[in-house]
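Next, two complexes with chain A in common: one pairs it with chain B, the other with chain C.
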Partner chain A sequence: MKVLGLSFGFHDSAAALLIDGRIVAAGQEERFTRIKHDADFPRRAIEFCLRQASISMADVDRVVYYENALKKFDRIVWASNLRAQQKSNGRLMGRARTLWNAATKAHDVPPYLKSVTHSWFKWQKFDVVGKISDELVVPREKVTYVDHHDSHLAAAFYTSPFDHAAIVTMDGVGEYETAVIAVGRGSEIERKLAISLPHSIGLFYSAFTAFLGFEVNEGEYKVMGMAAFGQPKYYDEVRKLITLRDDGGFEIEQSCFEFLAPQMLPYTEEFLRRFGEPREPEADFAVQRSDLPEDLTDEQADSVLSSSRHYADLAASVQLCTEELILHLAAKASVIAGTRNVCLAGGVALNSLANGRLIREGGYNLFVHPAAGDAGNAIGAAASYYHRTAKQPRMQGFASPYLGSPLDAAEVDAAVAESGFDAVTTCSSDEELAEHVAGLLADGAVIGWVQGQAEWGPRALGGRSILADATNPAMKRIVNERVKFRELFRPFAPAVTAEAASQYFDFEPNLAAGAPEYYMLAVHPVRAGKKSVVPAITHADGSARVQIVTSASNPTFHALLRAFERRKGVPILMNTSFNLRGEPMVDSPRDAIRTFSISGIDYLVLGRTVVSSRIEL
Partner chain B sequence: MADEHVVLLESYHDKDGYSAHWESGDRASQAGATASSIKFSGRIVPYKRDWSSSELQNMDANVFNQLSPREPWGFYYFPFGYLFRFLGMGPINSFGCRITRSLPDLARRHKNHKVVACFGGSAAWSIFCLHHQMYTELLQQRLNAYCKEQDLELQFTVLNFGQHGHVVMNEMLSYMNFCWDLKPDIVVAHDGYNDAVYGQLCDSRVLDDWDVIYQENLEGWSQILHQTADIPRTQHSLPYRAVNQPVRVLKSYAKRKRQFAQIVRSNGGMFVWGLQPAASSRKKRSPLEASLLNRNRNPDHAPVVVNVEGMFRILRQSLKLDDDTPFVDCDAAMSTYGPDHLMFGDEVHLMPEGDVLLAGLYADAIAKAYIDKGRWREVLK
Partner chain C sequence: MADNADLRLDVQKEVNRLAAECKASGFDNAARYLADNRTAVVEIAIKARLEPKKRDLPSPFVYSMQ
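Take a look at the complex of A and B:
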């Protein structure tokens, strides 16, 4: 059976192809269109999936969309209506009245509903099945959909290595639901608890993300990064906003937030009264004078340092409260399911600080879907249909996160030939490549590393990575400032050989398939004596978002780490996604050359071809 | 917002006979004698009106002008690179350049009368500036003031040969056509953006094999001329997509610009290698500047414009010039100005304050490399 799962229409469009219980290909549209978080119909991702499987659309048995669009619109009407009621101080506008207004007198429709309705008509969201049918030229009967959190549940459980697990999904909002606890056994998923709007941990975190000057649905991980510079001084204030229920659920105090019908900002005047002025986007952030431009006066510098500490403290407080909530959900789910196996999905599952605590403090056997956000629902939708509707036997779990575009040798040759770069060398074997590149890294070079198939999910795992020497104290600044052109406070993650991981990081690596550390989805403390050994990947709070690499999980990358260890004595490299600020990760060799050209990367490695950035004009 | 408008209005305050009127809904003003208005976009545009006698004379100055549409704004055909006519911004010559002097007369100038010829695209033409606000006008003032300070018997005339859309190839043709006999003492090539953008868009075979960068819209002219609209252009759909890699484009740009420098030197002039600024160099913008950039941004250009900042960075890192060729990096200089300055009206075109900066940078470079070193004494004529 061939099932094509699709996610599109809101953010992070993607397609995934499941054939007879095996994920054959999965790709995010942004990688192909080069538009970050592209939400458009995933034409190119679909083409890629079909090409990988050497099939056509006629061969596909079912196309499954990742959510119930009409139920979602029902929620939007309900939420807009409720919000309008609240604003009109009891002057009720029934749902029927609101709908009638939508069809007749647009000026009476709540503004949020009006703008959403306009957008939905424009993008043909009311008839997603029809849109898919039209786009792919397949009969409507071939197209179906599953609920948003059912997609997340399926993505979390069916791709995990567990036969029995607690499942927790957490995001902003799907149709109505924002979090679900369920139990997975074999091919069955049984829902146990659902949290619905307006109580949303995803929207809660996003509101603070916006307040801290970052883009919602993009800057959440910057909040995590900023949190390390602060102390949770506002913990009590933030924690008051959350009520943890005994049944595993939670409630969010609503007076501070605008979750129902957000027009401009997701927070209210009351929020500002409690937490002060929001941080200006792109405002300077530094906790020490040396990180600020030299031309600032002492007075200006003091002002930046003071406000930075304040916002970092707030970020730390929000992060701590979020971790507690996630730990609460996981603990209850584990009790309900009667197992320490826990599967996570939904955008909040990318909170790698919380994931680290679940592993270390909770002692859970954790699986986090690598593309935990809505892109992952392309797989989730297909998997949900495959098991729950088509009643097929349990699919294979994730064998590898490298489900994206392969590196084609002919494409590499063509891309290099048209690149304009002259200094090109080719290694004759993977061993020679590892030794050569390790030498360059040890000499301080920053490397663009493109090998094999691209990663599924937001993390670069040695397929489309930028690599650098983790032992070089200056490297964090070099890569932030001169290579990726991003905020100086942003941390970098390490890739480490699995066999050496526990020497450097304070956790016991779980080498079983599916462990979050394979996918760089958990933060762990750097061991006390090692922080100065690997300063480039040690964050301000002494932590690191670790990726473990084995000779089985990625042999070429593993060989490089070992070769680097022979030179520098440390089997760890700084590993960050191969993109510039605001761009999707590179996908093809041409993308890689283009990004390499305009970045400060010293060498680009495409398979066994090494391109130097040295040119003379 | 209202306060921001006042800034614009003051920026275009009538000084030398050019009026500029704020046009905004209920505050709309009537056309002035010279008939220009400032739109919300920050651009100055001409009102519809009768042509003046000099404008009519220009339109009949040669057969290509006569064959062109009699419109106040538009590109028109010329055998050696198209021309552009833009009325209502101040005087232009019969080829669309913002030049008021007679070139044949200048060719017979005194040995102490130096001519600086400035080339480039629409940013060099200074489309957000009235005539007296152009960097070329300000450069002339600065150079002459400097000579006076130094008690030098020197006079400078600065000519603006900038033309909309021009890349270095066009600059060379303009030089050959209009400057060979003039023998400018100094040539400023104030460019980079058009080559960087168009270079990414044009046919790879033409670029790779011949280092030719051209405006992609010229393929459309070919389609019209030969009625071959059924054959797809290199950019056959929007948004634009980069078909050529940044470094490859830069190599062609640098090669052609070196060629231009050789031509200038062979004709007795000093070549100034300018790198024009792009808005991406402005990290901290004023609210009005940010608003203008947002308003005037063309999303169809975004996939290629986004590469310009990196391309300029590579250029400044990798360009190796001899000591006799001043490199004036206006882009890097622009990045040092904070949000108190209103520099850009869009991705690449400068507001009057930006042109003031350009004039200062080029004046300093010319003073240092040409006047202070006594190169002005090397009269080759």
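Take a look at the complex of A and C:
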């Protein structure tokens, strides 16, 4: 049975193809169109999936969309009505309220609903089945959909290595639901508890993300990064906003948030009264005078340092409260399911600080779907249909996160030839490549590393990575200045051989398939004696978001780490995504050449071809 | 004019179909909204259909909820 799963229309469009219970291909539209978070219909991703399987749309048995559009619209109307009612109840009393309700009942479309209705007609969101049928030229009967959190549940459990597990999904909002606890057994998923709007941990975190001056759906990682510079001084104030219920659920205090019918910002005047002025986007952030430009006066510098500390303290407080809530959900789910196996999905599952605590403090056998956000629902929708509707036997677990575009040797040759770069070395084996590139890294080079198939999910895992020497204290600044142009408070992550991971990081690596560290989805402390050994990947609080690599999970990358160890004594490289700021990760050799040519990367490695940025004279 | 009349007819049919589908699916909030505001919704839909397909997104927070 061939099932094509689709996620599009909101953010992070993607397609995934499941054939007889095996994920054959999965790709995010942004990688092909080069538009970050592209939400459009995933034409290019679908073409890629079909090409990978050498089939056409006529061969596909079912196309499955990742949510129920009309149910979502029902929620939008419900939320808008509730918000209007709350507002009118606040203003009017008794008979006046009854008259107001009657007068407004049928005649006025509130501005929020008007704008949503307009957008939904414009982008054909009401008839998503018709849109898919039109776009792919397939009969409507071939197209179906599953609920948003059912997609997340399926992405979390069916791709995990577990036959029995607790499942927790957490995001902003799907149709009505924002979090679900369920139990997975074999090919069955049984829901146990659902949390619905207006209570949402995803929207809660996003509201603080916006308040801290970052873009929602993009800047949540930055809140995590900033938290490391602060102390949770506002814990009590933030914690008051969350009620953890005994049944495993939670509630969010609503007076501070606008989650029902937001016009622009997700927080209220009451929020500002409690937490002060929001941070200006792109405002300077520094925790020491030396991080600031020398031409600032002492007064200006003090002001930046003071406000940076304030916002970092708030970020630390929000992060701590969020971790507490996630630990609460996982604990209850584990008790309900009667197992320490826990599967996570939904955008909140990308909170790698919380994932680290679930592993170390909770003692859970954790699986997090690598594309935990809505892109992952392309796989989730297909998997949910495959098991829960078509009643097929349990699909294979997630064997590899490298499900995207393969590296085509002919394309590499053509892209290099077109590029005009003439300092090119071709290695004859992977061993020779590893030795050669390890030498360049040890000499301080920044490397663009493109190998095999592209990664599924937001993390670069040695398929489309920028690599550098983790032992060089200046490397974070070098990579930032030459290519990433990121805020200085954001950390860079390490890739480490699995066999050496516990020597450097304070956790016992679980080498079973599917462990979050294979996908760089958990943060762990760097061991006390090792922080100065790998300063480029040690964050301000002494932690690192670790990727473990084995000779089975990524042989070429593993060989490179071992070769680097032979030179520098440390099997760890700085590993960050191969992209410029504001762009999606590179996908094709041409994307890589383009980014290479306009950045300060020293060498580009495409398969066994090594291109130097230096001009040969 | 003929094109606009056809569009209006199409949109009216679509709104009726949507309202019926919502009702049949138990999505009472959406069904009631579409039925009670049929005329306004038809006008909104016609305007949306006639507009060029250019992305004019609200804030990311709002967009992520819609």
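Everything that follows uses one rule, which is that the second predicted complex is superposed on the first by the 596 of 617 C-alpha atoms of A that agree within 3 Å, B and C clash if a C-alpha of one lies under 4 Å from a C-alpha of the other, contacts with A are read in each partner's own complex, and residues count from 1 in each chain.
Methods note: contacts are C-beta pairs under 8 Å (C-beta built on N, C-alpha and C of every residue); 3 or more make two chains touch, one makes a residue touch a chain.
Predicted model only: the values in this text are computed from it and were never measured.
Asks: Which term applies to chain B and chain C once both are placed on chain A by superposition, clash or fit?
Replies: fit
Asks: Between the centres of chain B and chain C, viewed from chain A's Cα centre, what angle do you get? Round it to the nearest 10 degrees, please.
Replies: 80
Asks: Touching A:R34 in the superposition: chain B (first), chain C (second), both, neither?
Replies: First partner only, chain B.
Asks: Between chain B and chain C, which makes contact with more of the residues in chain A?
Replies: C
Asks: Identify the partner contact of A:S599: answer first if only chain B is touched, second if only chain C is, both if each is, neither if none is.
Replies: A:S599 sits against chain B, while chain C stays out of touch.
Asks: In the superposed arrangement, does A:R590 touch chain B (first), chain C (second), both or neither?
Replies: After superposing on A, A:R590 lies in contact with chain B but is clear of chain C.
Asks: One more residue to check, A:V109. First (chain B), second (chain C), both or neither?
Replies: Second partner only.
Asks: May I ask you to decide whether A:D291 touches chain B, chain C, both, or neither, giving the answer as first, second, both or neither?
Replies: In the superposition, A:D291 contacts neither chain B nor chain C.
Asks: Who does A:W78 touch here: chain B (first), chain C (second), both, or neither?
Replies: In the superposition, A:W78 contacts chain C only.
Asks: State the minimum pairwise Cα distance, in Å, between chain B and chain C in the overlaid complexes.
Replies: 10
Asks: Check chain A for residues that touch chain B in one structure and chain C in the other, and list them.
Replies: Touching chain B in the first complex and chain C in the second, no residue of chain A appears in both lists.
Asks: Chain C touches which residues of chain A in the complex?
Replies: Going through chain A, the ones touching chain C are 10-11, 70-71, 73-78, 81, 105-106, 109, 113-123, 126-127, 172-173, 203, 206-207, 210, 215-218, 259, 262-266.
Asks: Hey, which residues of chain B end up touching chain A in the complex?
Replies: 204, 208, 242, 244-251, 254, 303, 307, 309-311, 313-315, 318-320
Asks: Report the residues of chain C in contact with chain A in the complex, numbered from low to high.
Replies: Of all residues in chain C, those touching chain A are 11, 14, 18, 21-22, 25, 27-30, 32-33, 36-37, 40-41, 44-45, 47-49, 51, 53, 58-66.
Asks: Enumerate the contact residues on chain A facing chain B in the complex.
Replies: 34, 418-421, 580, 590, 593-594, 597-599, 615-617
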